[in-house]
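Below is one structure; the comments refer to it alone.
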Amino acid sequence: MTMVEDLGRLSKRSGPQSSSLQDGSRIAVVGAGPAGSLFSYFLLNMAEAVSLDIGVDLFEPRHFCHRGPAGCNHCGGIVSESLVQRLATEGIMLPDGVVQRGIESYTLHMDVGDVEIETPLAEKRIAAIYRGNGPRNSEPLDTHSFDGYLLELAQEKGANLVPRLVTGVRREDNRMRVTCADQYCNDYDLAVIATGVNSRLVESLEDESREFRRPGRTKTFICEFLLGRDVIRDTFGPSMHVFFLDIPRLKFAALIPKGDYVTLCLLGKDIDDELMQQFFSSPEVMNCFPKGTVPSHVCHCYPRINIDAANPAYSDRLVMIGDSGTTRLFKDGIGASYRTAKAAARTVVFHGTGAEDFEKYYAPTCRAISKDNQVGKVVFGFGSLIQKSRFARRGVLRMTANEQKNANGSRRMSEVLWDLFSGSASYTDVFLRTLHPAYIGSLLWNLVAGNSPSASSRNGHGRGQECDRVEH
Amino acid sequence: MSNTKTPPRASAQPVFWTHAQQLEKLPPCQAQCPNSGDVRGWLGIIAQHEKTGLTLEQAYDRAWEKLTELNPLPATLGRICPHPCEDLCSRRDKDGSVSINAMERYIGDWGLARSLKWSVPAQSEKPESIGVIGSGPASLSFTYQMARRGYQVSLYERHAVAGGMLRQAIPDFRLPREVLDAEIQRLFELPVTLHKNTEVGLDISLNELRDRHALIFLGLGAQGAHRLGIPGEAGPGVVSGIAYLRRRKQRLALTTGRRVVVIGGGNTAIDAARCARREGAEVTVLYRRSAKEMPAATNEVDDARAEGVRFEFLVSPTQVLRKGPVIQWIEVQAMRLGAPDEQGRRRPVPIPGEKRLLRVDTVIVAVSQAPDWAGLDLEQDDTQWLMTEEDGRLAENLWAGGDDRGPAIAGKAIAQGRLAAEAAHAELSGTRRPLECQERRTLNMGEIKPDFYRDQERECQARRPQEEWLDSAEPEIDQTIGHEQAQREAARCMSCGLCFDCEACFMYCNGGGFTRLEESRPGHYFALSLDACEGCGKCIEVCPCGYLEVRESSANGSDQ
Amino acid sequence: MARLGKQYSDGDVIFREGDTGTCMFVIQKGEVEVFVESDGHELILRKIGANDFFGEMALFEHETRTASARAVGPTHVLTIDKKNFLAGVHEDPSLAFRIVKTMSHRIRNLTDRLAKYEEDI
């Protein structure tokens, strides 16, 4: 080594206590879900672009090759249209084994009838995936975990996978000390928390550091039904089935067809027995299944989702991404993980790892998501109003069905519903569109027409099928 | 009723619904150990010492106490046990079984180096006095278990020192006599008296002893040796393996000559062959089956080869030939393997016409041991082993254990001595015997999840350089593992079937069903609340050691 | 096997020179030929494979397609909407980095080819 190089290294090390990454900096990423893996991937990518030589330790004790809950990160498993496009733009293609099914339409189920909303381009741009490697006891077919795939990408970029369970992250002499259940302990220049809200780490961080408030959570229900590929093709098709039912406390429910399984994803307030029983015994749900019977499920869980962002989601040398920090309300959590992960990576590579850097460059992304969530609450509020009113449901059904029949006309309702269900557009965008006079006008007309006595005769053809099932 | 505990009922079929429960299981090492050694227990104390607030020194002390609850000779067994515990270690196929035997030795040596005191249960002195005949591992184990319960024990040993076959037959290079001395000496810290040079049946009769003591334990061993039954066997130049080893251990003069042939394939044969090599002889081991069938421990055979012992397989001696009184040749018959016998071992069959002569100065016959209690006035003759009840009871106030019930490894003798003591104590004191750990379910293969454990190479004992093996001082070949090695090795234990605080269930339970216990010890770190359990089964699937399992009543949705 | 995007068979034209474009395409699987036609002659500009994109100019300009694209063998192509792309770039300009890098690469190629062409003349 020449003296010049030696001096260079010395000056780098003994320089002012700056909180920006330097050659040799070490970063701990806790959790290898989409947020952790994408952060590592983009961080190393950007660091390479600016010739910064850093080390990333990605902590994840579980194996995504395991079937069942051990290798699963619990979610409905939808990669939204917008995220599929953005990942493709970044050069990240979802391989065949990861995509369990390409979704090309949404089927809206209401008591007043069903309607199928097709993607505008007749193209499969929504991916149904498994976060782990498929449900409990599933056959080891050619499935591949989505999270496992992203982790492989991060590892290919140079992230070092550390298979240990992190139980503590704390500040120690201006560095972040990561401790694990097996007593392993190491110090880092930056700690990135990407554990989601279904691990206790965020909780213990809040208790220990008192530097922030952990995210607010609510319980959801997810389960898997084994129906077989052929049955799914004939019943559910490449369509995600969304339920707009007048069941108290039910916010949203969808059946997502995958390879041999159909995933149920249920959101609501204080999900309990009663709510689920009402849901499972509603004819709209039962009729989705072969012979009108809901089969037994093979795997279920009650994952928590983030409904209120961590505040703040960063401090010096510490940042929370994905569900541990901020996510989109109810929808497209993976998309939010991508956005926050990338924003955090950008911040630390191009600006720094101090709280002020995160405030200036990372927080805006979180705030944009949170702000949109406020609008989202209003939109879901409208949604539940419609859900509660048979009158309104008829109008929505009629308007959507007519739009779907008329291939070349405007499709305001269809697009609003599509974007709302698929999480493809921001809530703000969806909301603004519903304020458009043409939308309101059309809806009003359909409300009247859909509820007039002759409605059923006019509505009985096309994609929308009036199936006015008065309680059997 | 908790509102999340019942699955949706819209379906007619049962629903997969998995409430978890914490249930300790018997680990395979303990199931394999003849003495049911709580390997997981004493390794766990070391591996989890930080979690339970112990210093490393305290942890080793406690591990020694735990280990010596069942085995008073850990430094000895840590050297000579063929360690069946390691055969089915869950770690075996991942990166090698835990070096349990090396750890036992390390802890045994730790106890000797620190002169640790027995952990004696707080019990009053008992009035009954106990007589023990023989002082091999079974007798020592029985003596220890009775003495620490407060009984006065008298040991009757025909030799000048206690130890039985451990002392008489195992060569110093496998078990240095200082180690055995130190471990046996410690027994006399308990109310134990040794009557040395006392041969029961000769110096004192068994009936006299039965009058003197409330209870007698027979640890007679298998002092006899089977003979080959071939012409010329009786006569100078032919000696039994046990006799040879005993004379050598007693440092008596040996005149074995240059060419030694050892007959047999067991550990005694190998020990005898290795000893003869140390006397400078050219040694050939003859075995009538092939190498694969040889019962001796593989590593001992490998070491013997390394020392220059030759092996000839599929040969059987047919006669010993002398010139006058001096042995000259041994005639051997070539064999082949025939049909399997009742134990599944293939029976050797002679190949007609294939005989040859081997030049020989001494033949050591080590084919198998036999009972020998001549003069003891037992109701049973010594053509067969003692038939006791399972706990070792032979007759009223007469118990037995060890090789006199059939030859086995030393660990088995320790176990028989201990179990007899537990049963005898229960009888004398009118108390119940402690529940055997066998009553716990053994961990099934597949319940342990090896890929949740990080890879960690097995630590092995260092060995003396091979050129020093045949040194006249007869140094021990294997060396006790180092301190860091021992710590790393203890941490390799997967704690099969018992919580070791990996925290996976606690960290990943969606419902927050696990709470940390304020007072923790190995196996006891978390409490599980069924009210919070949402039945997803994640904790069971991320539990690496198989401690968490499906609660039976809930497996098919019939809970409540 | 589950695959995203739209499926094209061998020889299917994905877009034609002169069409108005509002999106870019990313190849999921298979190959695509980008070509121009003049005097009934076809000139193949380049052949691109999985993970590569084409039609990217439409994202930045409001003009017609400068070339045609055609599937070679069975091909899956994913569409990237201009609106989605621009919304993304607005939030995170680095989203465009890969496209800019590839376009820069293509310009370099073109320059080389042009220089060579002028030399030949």
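In order of appearance the chains are A, B and C, and numbering begins at 1 in each one.
The rule is short, and it goes like this: a contact is a pair of C-beta atoms (placed from the backbone, for glycine too) under 8 Å apart; a residue touches a chain by one contact, two chains touch by 3 or more.
Computed from a prediction, not measured in an experiment: that's the story for all the values here.
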{"item": "Centrality ranking, top chain (CA atoms only)", "value": "A"}
{"item": "Most distant chain from chain A, judged by the mean position of its C-alpha atoms", "value": "B"}
{"item": "Cα-centroid distance, chain A relative to chain B, in whole angstrom", "value": "56"}
{"item": "Distance from chain C to chain B - Cα centre to Cα centre, in angstrom", "value": "74"}
{"item": "Where chain A and chain C are represented by their mean Cα positions, the distance between them in whole Å", "value": "30"}
{"item": "Per-residue overlap in chain A, given as positions that touch at least 2 other chains", "value": "none"}
{"item": "Residues of chain B that touch chain A when the two form their complex", "value": "3-4, 6-16, 50-51, 451-452, 454, 491, 501-504, 506-508, 510-512, 534-538, 541-542, 557"}
{"item": "Of all residues in chain A, those that touch chain B in their complex", "value": "61-63, 66, 68-70, 72, 74, 136, 163-165, 167, 181-183, 198-201, 219, 271-274, 276-277, 279-281, 286, 293-304"}
{"item": "Of chain C, residues touching chain A in the complex", "value": "1-6, 24, 26, 28, 50-51, 53, 78-81, 84-85, 87-88, 91-92, 94-99"}
{"item": "Residues of chain A touching chain C in the complex", "value": "46, 49, 81-82, 84-86, 88-91, 93-94, 96-97, 99-102, 121-125, 127-128, 142, 259, 339, 342-343, 346, 365, 368, 424"}
